[in-house]
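Structures follow.
The same subunit A turns up in both complexes below, where it pairs with subunit B and then with subunit C.
Then we have the complex of A and B:
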């Protein structure tokens, strides 16, 4: 299973939209994906190690560096499929490169 | 006229008598269908909203019951009259979405947004449907204080138009904060940014009197990393349980119970909040599709929820530092009745501080500390309305002391709540309130116009820098 970490301010609105969209779209593309949604401020280095991909809304300063790939998922929130498509493609590329999913 | 009212009563009274959760299931499902959402998706949203309303009511009941005796003892032992429990944003959002008027205000603002776009008065399409509740809350508060639906709607439109204009004014600053190109469409109409004008007044004063303080700015991300889980929701619940337990002379066992109860309630509020957002999701997509169809593919900025800038560490560093400051202020602030709990991490306060100061962390903290009293007073002002609405939802267990109230310490739009209070009371015809309301609305508009000019100057500098590249 390929694990994704989404994050936003309260961990309940934007990040949940990203989580639901990625799980649905990657599922439709045939990948086994699980995404979690959290508050940005609650992310720690230890937490990040449990994930294969980090999908913030935009550039995020966590106070530490991580080897986990990052895909900015903000365009998913625009609610326009054409604008979200490049995000899905970028996520699919990372999944393929990881050999998971 | 009486025939229309009788007909409306015949149709709607049985619906209202069902209670908020079943009523909103039916209303949300029907509204989503109007916006061409598939029946199964529309019904799914309606059921989720009903479940969220029921769940949030249950958790409010748990928290208020568990803390009632301790809070009474706290008041006796300390003499501090903080009788309003701060539940944070999720219960208030759910309570507000439990009113059909919120859907009415939403529809009005969708129409206003589309008209402003068509007339080229804005370039922002607001897709943050969920956060209409901040504005709807102001309308409901005005009605609570005496406004009729028409007056409340006019107030909602007035503030809503300024919010949309503000999203355009802030757009270049967001690009700067995100290091994003001008083609980035992200902006926001979020209510918390309506504090920008007041913060800008403080910022200009800061420029004149304390500019030397900026050299003490520190690495916000480094501070956040050090705080780690100590700033998480459940940890805050534990602190507050210990704080109230100790000051109310509870035993060790009771203090543990209070701490763990507060911790799990704060966690559950967020969890239930996510159900509730999921409930509104089909309607949000339906409205966005509707607006896009009418705008015929015009390229524009997209109004999102505020956290697309949550990656800026200053937001969280300022919120973490302001939390103990707010607790101290709450204890000594005259007129305040709220004991900060669920809203103590001030997410409704710090994003606007970031935008105006552009990340000067010391300014954010100092100005934040100065403006927090406005939030505490506004939360106190709104407490009777929030409590009464929660009681209608069945969220208050029988047997709670009559003086027990709930609210939110850092809810977005504190100034707008005072406007709602004045406009609501003015609607009753009291000449003093009419005068105060007129003066307050004029002052609110004038300070916004001044702020808009400052932002246009800032944006001109951004544009010149972009052109020079």
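Then we have the complex of A and C:
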């Protein structure tokens, strides 16, 4: 299983939309994906080690460095296929490269 | 709590037309009213201001259509609210917000969809419903809607469209 960490400021709306969208779209593309939605301020270095991909809404300074790949997922929020497609393709590329999913 | 997609997300009594000239002014105006009705906690306003500063919520609609005004979706962490609804706020004066997906950018906003969400795990995603409304309503209808200045008209249009799109998604 490929694990994704979605994050936004409140962990309420945006990150949950990213989580739902990525699980649905990557599922449709045939990948076994699980995403969690959290507040940016709650992310720790140890937490990040449990994930294969980090998908914040916008470029985010976590206060530590991480080897986990990052895809900015903000455009997904528009709910418009043309804007979401490049994000989905970037996520799929990371999944393929990981050998998981 | 069912949180079905077709549950009403708007309250006719919670639609605002604000003459505020900056973020803090409009946030305080609306937060004070919501607190008096026990819809949010006393700390709601502080979390709202802090969150907007650190994690802005402006959404640039010019990428969809230059005729549609930019919007913002201010909200807090769930512990500061006691309900699940959207509070529409029409701004008579443009107010500057930073872009949610690129905080280095700033633009004028004319309408706020303030999200009160005490149940982030609920079945229907409120933000997704707002963006469905923006993406699926015709440009002409949106242009007309954003010119409306009667809270009753704003409420009835939003309620009708959100219910329609929610049913379409079922």
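We adopt the following convention: the second predicted complex is superposed on the first by the 101 of 101 C-alpha atoms of A that agree within 3 Å, B and C clash if a C-alpha of one lies under 4 Å from a C-alpha of the other, contacts with A are read in each partner's own complex, and residues count from 1 in each chain.
Please note the rule applied: a contact is a pair of C-beta atoms (placed from the backbone, for glycine too) under 8 Å apart; a residue touches a chain by one contact, two chains touch by 3 or more.
Predicted model, so just to flag it, every value in this text is computed and none were measured.
Q: In the superposed arrangement, which partner chain does A:8 touch: subunit B (first), subunit C (second), both, or neither?
A: Once the two structures are laid over each other on A, A:8 reaches both partners.
Q: With both structures superposed, pick whichever of subunit B and subunit C touches the larger number of subunit A residues.
A: Tallying touched residues of subunit A, the top partner is B.
Q: Would you check which partner chain A:77 touches, where first means subunit B only, second means subunit C only, and both and neither mean what they say?
A: After superposition on chain A, A:77 lies in contact with both partners, subunit B and subunit C.
Q: Identify the partner contact of A:16: answer first if only subunit B is touched, second if only subunit C is, both if each is, neither if none is.
A: A:16 contacts both subunit B and subunit C.
Q: Regarding the shared-chain residue A:44, is it in contact with subunit B (first), subunit C (second), both, or neither?
A: A:44 contacts subunit B only, not subunit C.
Q: Taking the superposition as given, does A:61 touch the first partner, subunit B, the second, subunit C, both, or neither?
A: After superposing on A, A:61 lies in contact with subunit B but is clear of subunit C.
Q: Take the contacts of subunit A with subunit B and those with subunit C, and give the residues found in both.
A: On subunit A, the residues that contact subunit B in one structure and subunit C in the other are 8-14, 16-17, 20, 37, 40, 57-59, 74, 77-80.
Q: Could you pull out which subunit B residues touch subunit A in their complex?
A: 89-90, 127, 130, 178-180, 185-186, 219-222, 224-225, 228-229, 231-232, 270-271, 273-274, 277-278, 281, 284-285, 288-289, 292, 302, 304-313, 315-316, 319-320, 345, 347, 351
Q: Could you pull out which subunit A residues touch subunit C in their complex?
A: So the residues of subunit A in touch with subunit C come to 8-14, 16-17, 20, 37, 39-40, 57-59, 72, 74-75, 77-80, 83.
Q: Sort out for me which residues of subunit C touch subunit A in the complex.
A: Result: residues 51, 54-55, 59, 63-64, 73, 75-78, 99-103, 115, 117, 120-121, 125-128, 131-132, 134-135 of subunit C touch subunit A.
Q: Mind listing the subunit A positions that touch subunit B in their complex?
A: Of all residues in subunit A, those touching subunit B are 7-17, 20, 37, 40-42, 44, 56-64, 74, 77-80.
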